[in-house]
Every structure is written in structure tokens, then in C-alpha cells.
Amino acid sequence: MMESLIAAASSYAGQIDQVTHVVAILGGFWLLLAEAALFYFVFKYRRSRNPKAEYITGETKQQMKWIHWPHNLVLLCDIVILVFAVRAWYHVKQEMPPIDEEVRVVGHQWAWEFVHSGPDGKLGTDDDVSVVDELHLIVNKTYKFKLEAADVLHSFSIPAFRFKQDAVPGRQISGWFKPTKTGQYDVPCSQMCGIGHGIMGGQVYVHTPEEYRQWLDSKVPKSASLPVKGVDRIAMNQGGM
Amino acid sequence: MATQGHAAAANGHDAHGHGDHHELSFVQKYIFPLDHKIIGMQYLFTGILMGVIGALMSYAFRMQMAFPGKAVPPFGLITPEFYNSMVTNHGSIMIFWFAMPVLIAAFGNFLIPLMIGCDDMVFPRVNRLSYQIFLLSAIVLIASMFVPGGGFGGAWTSYPPLSASSVYNQTPYGAPMWLFAVALEFVAFLLGGINFITTLMNSRAPGMKMYNIPIVIWMIIIASILFMASVGPLIAGAVMLLFDQTIGTGFFDPVRGGDPVLWQHLFWFFGHPEVYVVLLPAMGIVAEVLPVFARKKLFAYKTVLWTAIATGVLSFVVWAHHQFVAGIDPRMANIFTVTTLLISVPVTEMLFVYIGTLYGASIQLTTPMLFAIAFIAEFLIGGVTGIFLGASGSDIYFHDTYFVLAHFHYTFIPIAVIAVFAGIYYWFPKMFGRFMNDFWGKVHFWGTAIPFNGIFLPLFYTGAAGDHRRSFDLLNFPELRQPNLIFARQFATISLLVMLGFQVIFFINFFYCMFRGRKAGANPWNANTLEWVAPSPPPHGNFAELPNCHRGPYEYSVPGRESDYWPQNEPAT
Amino acid sequence: MSEGNAAHNHTGPGHHHHEPHAPSYYVKIWAVLLVLLIVSITGPMLGNKILTLITAFGIAVVKALIVAAFFMHLNVEKKYIWYVLLTMLAAVAIFYFGVAADVQKYNGSNWTKPASYKYDEDMKKAHEAGGHGGEHGAEHGAEAGATHGAAQ
Amino acid sequence: MATAIPIATQRSATGIPTGKLALWWVIGSEIVIFGGLLASYLMMRLMYDSWSDAASHTNTVAGAINTFILLTSSLFAVLAHDAAERGKGPQAAGYLLLTIGGGLNFLVVKAIEWTGEISHGFTITTNTFWSFYYTACGLHGLHVIGGMICMGIIAFDAVRGKNLQRVEYIGLYWHFVDIVWIFLFPLIYIAK
């Protein structure tokens, strides 16, 4: 259902869509049931058909069953939803699987700064590649991001990954994602960040390893010593897949 | 009950107490009134006026959403600053200056003394003061949109650091004025709330026991208590943020030891109970309308009352679900998911009780009844779609999308529009002694209830497809340029225009019938509650003789009685 | 007729009046409060942190309860006034425990607060550097705010 | 304008006079306001070790004197209530004036204390500890001032034996303001 609306391009997109579908099915069931009962009663007990109303207090044991059973069933549905929701949440927000690459994301008024680890595969070194509004990733690699905000709150959101996390000034928030489909996806800011909030959006490019290396080569200055090690690492990881 | 002694004694000087009220000038009666009904009217008219302003704002930004970059008459081209300011003030106005004054203050003021059978609020002058502060807050808010730099545009949640510094928000005067207006409004409602609670606790008609109080009164009182217990941290937070904005403290500036997430907590600790502060009175209005036009006792009165109280208590432990992805510790999110899903239990239970009330009923589809049924039908959708957001896993995706927006409009519009219309059509005869026109009322009903779905069903769709909130032009994002999304946005906007157009019928009907409508007697709907004992419209002092209460409020179609209703004040024979 | 007389004339069945006490009764309670005050001031002089917490906050609670019970006459007031006040205190407690997990910590599950950590270190350095952390702090604050705004 | 008292005001289903009941709710709402502010302060105070250094600059002597003053003024407030209960209006008014005197003393000490701190460079914008310090004490001080004004009005009536029950209500409010200070005192002055 969700995939027909928007691409699902990360490893956990399916799990989050699953939560959505579970809620849709259980919630939809109750919604339809309640609406059906409501309209059936309105139709059946209208004055022209039923001129004299019954006297029902709704406080005898027999009558309270009509409240208690739905009550218990709703509770049961809640528990089912809870299990799915917390599992997905734990997987996406609390777990940190073994990572292949790191990327630093900084929200500014009104652009994203993406710091790629560069050829050596490490953040905070001289060969980091910092790009505005473009995030370049390799398909099927697990990325850890470090999210910061330079001025006000922003929200790092990749709808196609089913991912969202606010960037808070003064905090560094980490998380992970693993793109599973090549292509180009939106990275809008989804938290009000001022006048330019509506233009703040980048693109994430999910590349094959070859494309990624081409992109990286175009960014690394020729004068820099050849970062063989980093490239090797990427290739090695590729082999290990 | 201990009161009865006094109350009987107090009834003795009724004639004395109110004899000297008849010679009031227009200004004394309508501008600086002490009468709870007039103060209720002041709240009602001010609230509706603010609601109209808020609705016109929605017209401005919905047009921009549907037809980005086109001039919107009469505003012209919508700039991002203007767009943000409209979105922010639309949200603030609709909640603080429309839903709250109308649902709690207007209906509370008008109904509480009438329905519990006394002559006025316990503190008429505090009541008047509360309205005056509220009016001042509304004026400050409106003025904030016309100061240099324009109105505040940092969303109604006003998250710092954006809201804390004009370096970031570019509204050096708009932001503090907005915040000041909100704080003033809280003070007004604290005064009003204390008045409501004290009135209910102390001034009930002799014989009116806990389970004889009409549900709407309970709901307004529970809402007032929720408001009072939750707003404190935000008042403190508003002072802190105001200092950040004006004198340069750093309460919410991380570099200087503050914490932006603290504000989010201060805000939502109030913000979530606030949802129930407006929901409960709306539920109460529906609980009054349903039994009258179903000619049937409310199903399980005690269940309704206790589920309302349970909802109120639970509403204090769910607030962080607004912040799941906002930077709170993810472990806390699990706790708040559990509590959030739990709160669905009492709310669904309440709705089931309402549906159960219709079983075996004899339903008259009058205008107020139509609105009451529509409230249940529409609010169910709002409630169910809330689970997508309360479940932490799916909220990662849905947070801050139009899905959220559609969800809470599916709760707030049934609450603040549909239930309010049910209440207005229902109590209009009591307010003005005349009926509203039923035919035009029904035209207005269909013109409201159907286009409303036309606005927000498409927005569920666009939200699920990734439209995120508060962007002044979604076409800046390639994924959101699909033709079917554009069509859905335009469909929503056109539905809005239709819905707004039909409200004109309401206003004509309202003001025409205020003066020319068919005359109504004291109890035109054959209802049980005490307000229908007083003449329509009730004079200052309400009752010729203060009523006593003999039974619960919903004794309709009692077997063995000739008439199908049994007023609360009628002694058992 | 004034509101006052009206309300005060009620001595009906529901309106209870506690026994009037001699003024000396209140003076005695006041004396107890003063003794507690002295204890709470001298507590920190013993230099034990836990003892300080007990003498400072434990005694504050005791003092507040004494004032509430005897000066505000909650000891003879209807029980549900206690419930109202305790409900409000419970709301504050819920707020505290819900928020402390984020605001009172430097780090948690997948997040840290580098800015707060740096702030605390800077404050400590400023304090060690000179007795008058104040002026230094003021400069630091303004400066930090400025860089914060401009640099990014 | 006609000022007849509604019958609503004179009823008392709870057995607590209306004015007093309302005052308890006022106190209830104030608890959450101060509670929200102090809870926010407490979180940061517990997080930042450096704030105990900042707190060492507060003037414990001034805080202690003010606690003493407020406790004593609370005694006068309860004595005023006691006198009002016995129907002695002028005596109640006298005690109320003593209470107001206590409030004035409190403000004078506060003013001296703040002057000293500001002259040492500790202003509200110095850092967030001092922002909390001035905001919390300032909010409390506003309550003291408000209470004094109300007390003045009530004392004015009480001399002539009018509205004596209000002496008790303002007393309740004053004791509450006292209790807030009882907690502010260790939070700001003692825990270092």
C-alpha cells in the first residue's frame, strides 16, 4: 500500500510500512465497524420507524458487556500494534548495526551540509568531502550519520527511506540507514526552520559502487596523495557483500 | 447534603438580590456585563470572529498550496514570510482564540449556572475580568501581525532557537507579541477555570448529586482542571522564552547552557492535555444533544464520566509522542508509545457509549442532531488515524507530514466546528428565545460536513505520499511534483472554498433568526436539564425561582410515564 | 450587603470552624520553624554532602508541611483540598521525570550534548581563572552567542 | 453599578466558603507554575557541576534573613486570621500591616542583595544559572508585591469590620508564597 505512494528504498522501509499496514488493518476494522453501527442505528431507529424509544440505562451487567468487550478487544489490538511499533522503533532508532561508512549531516538555515568521509573512509580528516544539499551513498551499505544543527531546529527526513530525525542545536544525534535501491530521492527539512523552510531540501543519490567512485574522484583534488587505502576498503567491503 | 440548608436560606433573598438589576444601561449590560450569559455571548462572538479570521488565513495559504506562485486575491503574491506567519497564526488562533473560548468559555459561561440551577457564576467580576484579559490578548495577537517585521512565523509550537532570536526568525516584534498574547490568554482562562470549578463545586441546585450533573458540565470542569494542571510549566516557559527574546537570556540556547528540547517539553506537557481540554467539552455537547433527539437515556452515564476522567489523567503522560523524532531519548519514546496507545481505550469507549445510546432510540434528525451524529462519524476517523502517529514505528515516517495535519483537523474540526454548531443550533432557542431556521440549518450542515471530508481526505493521501508541513511551496521538492498530488492539493483547496462559502448561510441564518426567528418557549425540545426550566432567553438571575434537582439529566422515555421526558426539577410524585 | 458578610454569616451545618487557638500556639509553631531554619543553615557547615541534602531539602519539606498544616489550617481542612494540591504536585513530578531523561543528561541512547559539555567546562575554567566568574561569563556568553549566530 | 451578590456565591455545597475554595484552586495553579520553573532549574542544576560554583556567589546570609522575615510575616498573617476569626477587625488589620511590613523588609533585603550581585557583574544575562536565579526570585517577588497590595486593601476594610473572612484568604495566599520561598532558599542559597 505505502510503496505505491512512495518508493521504499531503505532496509527498514518495509518494516515501517508493515507497522502502517497493521495499524491500517486493525484501525480500519474498528472504524468500519463503528461507522456501520452508527449509520445502521441512525437508519433503523429513526422516528418514523420507531416512534417510541426504549429505556436502557446501560448500567446493568448485561448491557455493560457491550462496552466491556469492545474495550478489551481494543486493548488487545493496541498491544498488537504496540509490538509491531516498538520493534520497528527499536530497530531504527535504538539499534546500531555494524556500519560501513559514516556521514556527518549539518542543518543550516536553509541548506543541508553533508560531510562525506572521503577516500579514507573516516570522518574528521583532511580528505572529507563536504557538499551542500547533496548526499551521495552507495547502495546496500550501512551508514551511520551524525546529525547536528548549526542554528535552529531542522529535521533530517528522507521519505523514501521512511526516515526522519530532528537536528537539534547543541546535540549530536546518531542513527543509521541502509539504502537498498539506487536512485535519487528528496531530503526535505520537515521542521519549521524559518523563512526559507520551504526551499530547504537536498537530494540523496544512491549509487552503485562504481558510480560512487566516479563521483568521489571528481571531488577529490588531484594534488592530494592517492588515497588508495580508502578506495580499497570500499572495494573490499563490496567483495564481502 | 450539607448545602441544602444554606441554599434554601439563600433562596430566601433571591428577590432582594436581583430586584435592582433591571435599570442597567446598554454599556453596563453588554459592554461591561456581570451576567454570565452576556459574558458567554461576548466569548462566543469574539471566538467566532477570531475563527473567521483564522479561516480566512487558511484560505490564503491553501490557495498558495494549490496554486503556488499565483497571486491570491486580495493578498497578492504569498511571500514565504507571509505564508509562515499565516500558518503560525492560523494554528494559534484556531486553538487558543477560537476552540478554547467558544467551547470552554462561551458554553461554560452560558451553561454552567443554568444547568446546575443557580443564578450566576460565583465571581461575576472575575468572570468579566477574564473576558477583558482574553479580549486584550486577542487584540495583541492581531496587532502582532501588523508590526515591523510582520507576524511571528515559527509555527504555533514556537520551538526555540528559531522563536528565541530575531536573528533566526526575522520578526523582532511579532514573536514577543505573539508569545505575550498567548501568555495573557492563559491567564484569562486560568481565572475563568477557577470560576467554573468553584461554581460547580459549591453552587449546585439542592439535590444535584455527583451523578445528576449533566455530562457537558462535567466535561467543561474536567477540561478546566486539566488546563490548570498542565498550563503552569508553559506559563513559566513563556516567561523564560520572552526573556530569551527580549533581554537576551539563554534558557533555550545550548551554547549558553540552555536546552531547546526543554521548551518542547514545556510546550507539549501543556499541548497534549490541551487537545483533551477542547475535546471533552465537545464530547459533552454531543452527550447533551444525543439523548434529547434520540428520546433516550444516555447509555452508561457513569462509564462516560469515568472514561472522561481516565482520559484526563492519561493525557498527562502522553505528551512526548509529539516529540518522537524531535531529539528526545529514543528509550523514552517506548514509554510514551505505551501510554499513547492506552489512551485510545477510554476514548473509543466513550464513542461506543454514544453509538450505544442510539440503539433502540427514536431519532429525530434535527439540525443539532445531524451535527452531533456527524461529530461521532468524523471524529472516529480522526481518532483512528491518530494511531498511525501514536505508534512510534510508523510515526518516524508520518511525523510532520500532511498526514498529521489531516489527522488533527479530523479531530479539531469535529470538535471546534461540528460540535460547536450542534451546540449553537441546540441552545440557540435558550440564548435568544427564537429558533434558527431548520431548512437552512440542514443546508448548512451538508455544506459543512461533506466539503470538510473533501478538504482533508486528499491530505491524508498527500501526507502519506510525503508532503511535509509548513513548506510554502512543495513543488520545490521533485518527489512532490506528481500530477496526482497536485490535483489532490487543488481538490482540497476547492473543497475549502465550498465549505467556507456555506458558512455564509450559517451567519445569515444566525443573525436573521436572532431577531426574526420563530419564537421558542422555555423548553422547545422537551429536554430534561435545568436550563430549560428558565424562560428563553433567561433574564439576569436566570430563574424566577431557583430549581431543586430530583434526578439525573437523561431520564427520557421512562416506562410508565405519559410524557417521554422527565425534567430534573420535577418532584417525583 | 457585602460579599463578606454574606459568606461569613454561614455557620450552617456544612461550614466547620476549627477551635480558635491562643496566639501563643502560633508563636510556638513559629519558634519550631525558626529552629528548623537554623538547622538548615548550619547543615552545610558540617561539609557532608548527603547531610546537606537532608538538612536543606528534608527540612524544607518539613517546614512547608508545618506551614501548610498549622498556618494554612490544612490539618482541619476538608481532605480533598489535600488531594487538589497533591494532584498539582503530581503533575509537576510527572513533568520532571518525563523531561529529566533529556534535559538533565549529557548523553543517552544515540545522542550526546557536546555544547552543554563545553559550556560546563568553560564555566568551570572561568571559575578557576578568577573569583569573578561573573564578568568573564558575561563576555563569554555574549561572544558565544554572537559566534553561534554568525559563524554558521 | 448594582453589586448584589449572586446566590451562587453564597451557596456552599462542599462546606468550604466559595472564596476560600477558589483560593485553594489559585494556589493549585500556582504550584504548577512555580513547579515548572523550579523543575527546569533543578534539571540543569543537577546536570551542570559548574553551577555549584555559580551558586557559591549567592548571598546565604541575605537568603536566611529573608527566610526569617517571611516566616515571621507568616506568623503575623495567621495571627491576623485568628483576630478576624474572633471578630476583632482593627486588631486583624494591625497584624496585616505587620505582615506587609515583613513583605517590605523582604523586598528591601532582596534589593540590597541584587544590587550587590549586579555590581559584581552577575546580571540576568550573565549565564543561565543567573537567569534562573533572577527569574525565579523575580516571579516570587512579584507574588510578594501582589500579596502586599491585596493585603493593604483587605486591611483597609478590616479596620471597619468589613469582609473579615478575606483576612483568612489572603493569609492562605501569603503562606503559599512563604512555602515557595522555603523551597527556593535551599535550591538557590544552600545547595552549593
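Per-chain numbering from 1; labels A, B, C and D assigned in written order.
The definition used in the following text is that a contact is a pair of C-beta atoms (placed from the backbone, for glycine too) under 8 Å apart; a residue touches a chain by one contact, two chains touch by 3 or more.
In this text the structure is predicted, and so the values were computed from the model without any measurement.
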Chain D reached from chain C - shortest hop count over touching chains: 1
Remotest chain, chain A as reference, centres from CA atoms: D
Result of counting contacting C-beta pairs for B-D and A-C, higher pair: B-D
Chain centre separation in whole Å, for chain C relative to chain A (CA means): 41
Centroid distance [mean C-alpha coordinates] between chain C and chain B, Å: 34
Chain A-chain B separation of Cα centroids, rounded to whole Å: 33
Residues of chain A engaged with two or more neighbouring chains: 93-94, 151, 169-171, 173
Residue list for chain B, restricted to those that touch at least two other chains: 2-3, 6, 168, 229-230, 232-233, 248, 250, 254-257, 259, 261-262, 269, 327, 330-331
Junction residues of chain C, two or more chains touched: 10, 12, 14, 87-88, 91-92, 95, 99, 103, 105, 109-111, 113, 115-116, 119-120, 123, 141, 148-149
Chain D-touching residues of chain C, taken from the complex the two chains share: 1-8, 10, 12, 14-17, 20-21, 23, 26-27, 29-30, 33-34, 37, 40-41, 43-44, 52-53, 56-57, 59-60, 63-64, 67-68, 70-72, 77-78, 80-81, 84-85, 87-89, 91-92, 95-96, 99-100, 103-106, 116, 119-121, 123-124, 127, 132-135, 137-138, 140-142
Touch list for chain C against partner chain A, complex: 109-116, 148-149, 151-152
Touching residues (chain side chain D, partner chain B) in the complex: 1-2, 4-16, 18, 21-22, 25-26, 28-37, 39-40, 43-44, 48, 124-125, 127-129, 131-132, 135, 139
Chain B - residues contacting chain A, complex: 80-81, 83-84, 153-155, 157, 159-162, 168-170, 254-255, 259-261, 294-303, 325-327, 330-331, 333-334, 337-338, 341-342, 344-345, 348-349, 351-353, 355-365, 373, 376-377, 380-381, 384-385, 387-388, 391-394, 396-401, 461, 464-466, 468-474, 476-480, 556-559, 564
Chain A - residues contacting chain C, complex: 93-94, 96, 108, 150-151, 169-175
